[in-house]
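A, B, C, D, E, F, G and H label the chains in the order they appear, each numbered from 1.
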Amino acid sequence: MSGPTSSTDRPRVGIVMGSDSDWPVMRAAAEALEEFGIAHEADVVSAHRMPQEMIDYGRDAAGRGLSVIIAGAGGAAHLPGMLAAVTPLPVVGVPVPLAYLDGMDSLLSIVQMPAGVPVATVAVGGARNAGLLAVRILAATDPALQERMVRFQESLREAAHAKGEVVRREAGGAAPRVGF
Amino acid sequence: MSGPTSSTDRPRVGIVMGSDSDWPVMRAAAEALEEFGIAHEADVVSAHRMPQEMIDYGRDAAGRGLSVIIAGAGGAAHLPGMLAAVTPLPVVGVPVPLAYLDGMDSLLSIVQMPAGVPVATVAVGGARNAGLLAVRILAATDPALQERMVRFQESLREAAHAKGEVVRREAGGAAPRVGF
Amino acid sequence: MSGPTSSTDRPRVGIVMGSDSDWPVMRAAAEALEEFGIAHEADVVSAHRMPQEMIDYGRDAAGRGLSVIIAGAGGAAHLPGMLAAVTPLPVVGVPVPLAYLDGMDSLLSIVQMPAGVPVATVAVGGARNAGLLAVRILAATDPALQERMVRFQESLREAAHAKGEVVRREAGGAAPRVGF
Amino acid sequence: MSGPTSSTDRPRVGIVMGSDSDWPVMRAAAEALEEFGIAHEADVVSAHRMPQEMIDYGRDAAGRGLSVIIAGAGGAAHLPGMLAAVTPLPVVGVPVPLAYLDGMDSLLSIVQMPAGVPVATVAVGGARNAGLLAVRILAATDPALQERMVRFQESLREAAHAKGEVVRREAGGAAPRVGF
Amino acid sequence: MSGPTSSTDRPRVGIVMGSDSDWPVMRAAAEALEEFGIAHEADVVSAHRMPQEMIDYGRDAAGRGLSVIIAGAGGAAHLPGMLAAVTPLPVVGVPVPLAYLDGMDSLLSIVQMPAGVPVATVAVGGARNAGLLAVRILAATDPALQERMVRFQESLREAAHAKGEVVRREAGGAAPRVGF
Amino acid sequence: MSGPTSSTDRPRVGIVMGSDSDWPVMRAAAEALEEFGIAHEADVVSAHRMPQEMIDYGRDAAGRGLSVIIAGAGGAAHLPGMLAAVTPLPVVGVPVPLAYLDGMDSLLSIVQMPAGVPVATVAVGGARNAGLLAVRILAATDPALQERMVRFQESLREAAHAKGEVVRREAGGAAPRVGF
Amino acid sequence: MSGPTSSTDRPRVGIVMGSDSDWPVMRAAAEALEEFGIAHEADVVSAHRMPQEMIDYGRDAAGRGLSVIIAGAGGAAHLPGMLAAVTPLPVVGVPVPLAYLDGMDSLLSIVQMPAGVPVATVAVGGARNAGLLAVRILAATDPALQERMVRFQESLREAAHAKGEVVRREAGGAAPRVGF
Amino acid sequence: MSGPTSSTDRPRVGIVMGSDSDWPVMRAAAEALEEFGIAHEADVVSAHRMPQEMIDYGRDAAGRGLSVIIAGAGGAAHLPGMLAAVTPLPVVGVPVPLAYLDGMDSLLSIVQMPAGVPVATVAVGGARNAGLLAVRILAATDPALQERMVRFQESLREAAHAKGEVVRREAGGAAPRVGF
């Protein structure tokens, strides 16, 4: 069974974003990977400010041992799609919301890719799910990791049950208000 | 005439939501039911985190004596529609707004159900109206409850009249501003 | 068990719309009711062109024996909400799409009702589901009708299974295309 | 030339809204009318909470001497359109923004009226312009008032010139930033 | 009582549009005015292709005897707002839908005017209502014309009643479909 | 190296959809898999019409040897998200556009999943990319398949070059138009 | 004064697009340039299918003598922004509408560029304006070309006047319709 | 090589906006020009409040030595398009976001210009990019300025690299969290 990340593990997942201002959103992807003990790396790779390095990053990704790339971007969010154009790896895109438009621009810029070059898009701001999707992708051919995902899903169920206790208690405590 | 909720009444309406974080929105449904003395229950039932329990909840609802289900959910809001798929009861859906997109995603995910499986959708964040709609549904075959709904509507009119007094007073007090 | 509609049954459901041009959409509500043998009536009741008659229709509905009102409207779709303001009955609103905006205006005008006056909104153009929702509402206190709804849901499952046969056959017949 | 509003003047413009919570937005309409010395009234008239009074208000408006109605509403904003259905007067609609959807629901519910019953719609939250539009409507057959509107437009120009001074000064003061 | 338009009447309403391609939409405004016997003129006045003539048109409108301007435009629809900037007359704006975006761009470009310069906006493609709104504006100080508008509204009611006959007949003729 | 699909191969990818009416869109996913010789199956699995079978399908998928599920759905598109809730496999969601709203409802219903349960969403109608994404996922741990993906991407480049020839020829042939 | 394009002129403007399917939209840019006698080239340069060639195209553009690049793209439209990242030239972006979403995805993907890398965006499908914008850019430092642009704008005014004649004739011919 | 702005330089770029309230957004355009040493001016020029001066500003711009106009506006944002109608210069439009609608109204009002009159539109609130686009336009025929733009783009790359250091450090410091 795969254990926690060690600094000597070669990264299996690359998490990239256009700016360090995306990190508060994107770190949730890293945390999800850590919960499953998946070695990963995180870096700024900007489609618009360092286009050649961005292309090089995508081209070298598979050769360096990466199996999945997670890319977050906002506005005219080109990073996930451009990486998908230069790597055969699955690329997960995270629409990062900016100050205006609630991430709708980021979502459409990432998800509406032309036929031939897919990006696996998650929800606006959904970096945690990007990490979990990367785990599922790796687990597709790794029975031990898949088993951990099954147990993680069981933990979600248990947490939901616990939340139900909160609601049942609060709902019960609400004194009936009658009449008008 | 139906009186206030007692802890020994069997619930007629089930209020469910995907997480306890939905309770601050959804409690308004419970309060509306309490105003009409309708026994109800509230719980966390998550389509995505406890799918089998969710289906069991829907399947057992009618047999347990529920007549209406109110389900609140946000984002890819599957709970109301999935419950409607497994119960013959009327299901009222409440689109809960999340941090982005102002509940438009929740609204469309709930209201755009395919032919065969309806969800009675109310406004974004409209949990109070969900409760009142449940009352109307129960009142459709309960003359005494229907009479209470008529009186409730009269109370709305009276409250609106009182609000008019506020506006008339403030409008009258506004000193004329002239010239430019 | 309730049988088919007879011309001598008193209508339980009123289907109204702003114009006869809405009938091609709204007739699906009537057809759904007929499948369940629910007596109903259909008429043009325009909030904007005959406002007093519209209000009278709503006010008299419960007294005439109606239990549910289904109202379809497009654009600035005021009919469902205005009827809900003058009747204690549950009102089901159907957003009828017009030539522009794909029914988004109709949907928002119907669903975004203020607290106190709910409208049970279905999908854009979803008149069939409006009829089925009326059946569920009536069935909430009618075990025989509820049993028919359960069987209807089983028929949906069987139809879906039959559709699966189509897809399996077509998918199997697609000759593998290889190489590039 | 028309002077400032006096408490003994018969109102020419009625300003109505669904709730006193709309007054902070709608008072700007009253202030605009006061700047032009147009006698007006303001009140709560709710389409959904007091529908018959709403219809009566519209029906009596012309007979009471009103020449224009300004109606503000939010969400499923039915008030302006319903008033337009029962009065031959021009009705100006103000989309009041609610907590979600930025007033897009209010705008579409007001502006998308069916052929036959127009509402003169202004911007989301544009109550001041509603007042100014009422002035223009009254001025269409009142040369003295029209002349005041011309002078008001001149005052807008002068105010814009003054604002230019601010920008020119601030822009000039910005020290050149050079190099990278 | 005002009679039909004669070629010798001085126009009271000016209908302008950015291109002759808008005429198929805008002619409905002219037809509405003709039904009420309001003399009017129609012309192409383009904000973007003949800006100075557009401004001159607006400036001269009141002096030439016009009381209302109706302006239709699509896309970045600047004509109504620019005319409102140079005339004290009420300006009615008609959002003309273009090939894409269903007129949402036209609507927002027309209705979202800044404080100080209102445009009375009607529905996307709502030229007929623009004509009727001009009639209401003129009728605000013309009792005979207002009386005609009241009768017009009665004719709308009668037409709606006739449409109800159609629906009642078709609904009645629908043979009950039973079983599944 | 993996060869073309054979009827005796055990499927690695399951393609499911809510109705056979989705097949004309979804078959492009099957075709993409066939181009890469990936054994797959296709079936109707409806979240709303056969919820228990849907859950069973998801639960059994990994055990039956599937590595990826592709799910297409329209409107309140619950199928991809519900399957993701009951399987540890990566689920690719295809928003199928319906008659109204251009697939925006389908897109939001699929992509806006809550934290914990990701769906890898592709473009509206983007079934071909769903198939290609499944290939990339399988190729993440299959060097031979990854090599085929690289060659596929080269073929896209070559096809784009060929298309450039078309444009260069047509652009060159356009006779200069001068004067105005 | 600049004359018509000759096959021996070195191109000043490059028109590129992601596929030959964009040519029917994009050719209008070429035609506008030809009207002004601006030498240009047109080609397929795909951000997603030939990313390195795309970057090379942008990098070499200025050195080859191009002064402006016009790039058209649809959906997740990355081409204009990526070219702007690798060239110091002004890049004009044309949102090409696809089968769904009316080009709103293309528009947002092109216009919402991050600070540092601008794209000069025109209307959805606005390739003719892209060509005219390129002319204005070149004319900013070319008095003779600027003079031609002034005359072109005069020709727009004259064409608008001619269109007015059409409307005036059709409007005059509309026989008054009276009574109801 | 062009140096910093001096108060004696004749402005090459005019920055205009409808109100001084737009200056906090628009000053970023001035700052970008200052970084490149481009002489510029800034002023309030309101399409709606001083239409004739606005037209005069546009008409005189080229004659006064301006080469580019940058115009910011919000809501029914007519300023950029109206200026483009009266000048042959390239006009850059900045959609300024207002309190509601997140600038979507401003964006559509600016970008959706009719054929013949282009506006080079940048992102919502993208004034800095408007300034940089003006620099690119001026640099199209100014090799020294173009060289500075190339170096500016290099500085963007270096800044992005520095940001990567931040992310790599923070990502590395995140202690692995395991188990659930």
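Assume contacts are C-beta pairs under 8 Å (C-beta built on N, C-alpha and C of every residue); 3 or more make two chains touch, one makes a residue touch a chain.
In this text the structure is predicted, and so the values were computed from the model without any measurement.
In this entry, subunit A maps onto subunit C through a rotation of 180 degrees when their C-alpha atoms are superposed, rounded to the nearest 5. More inter-chain C-beta contacts link the pair E-H than the other of C-E and E-H. Averaging Cα atoms per chain gives one point for each, and the point farthest from that of subunit F is the centre of D.
One inter-chain figure worth recording: subunit D and subunit F are separated by 51 Å, centre to centre, where each centre is the mean of the chain's CA atoms.
Averaging Cα coordinates per chain places subunit E and subunit G 33 Å apart. Residue positions 18-19, 48-49, 75-76, 85, 101-102, 104, 111-114, 116-117, 119, 123-124, 153, 156 of subunit B each touch two or more of the other chains. Of all possible chain pairs, those that touch are A-B, A-F, A-G, A-H, B-C, B-D, B-F, C-D, C-E, C-F, D-E, D-H, E-G, E-H, F-G, G-H. Residues 28, 62, 67-68, 85, 88-90, 92, 107, 111-124, 126, 128-130, 132-133, 136-142, 146-147, 149-150, 153, 156 of subunit A are the ones touching subunit F in the complex. Interface residues of subunit B, counted against subunit A in their complex, comprise 3-5, 7, 15, 17-20, 23, 27, 30-31, 34-35, 37, 41-46, 48-50, 53, 75-76, 99-102, 151-152, 155. Residue ranges on subunit A touching subunit B, taken from their complex, read 97, 102-104, 123-125, 153, 156-157, 159-161, 163-164, 166-168, 170-172, 174, 176-180.
Subunit E makes touch with subunit H in their complex at residues 18-19, 47-49, 51-52, 55, 74-78, 81-82, 84-86, 98, 101, 104-105, 108-114, 116-117, 119.
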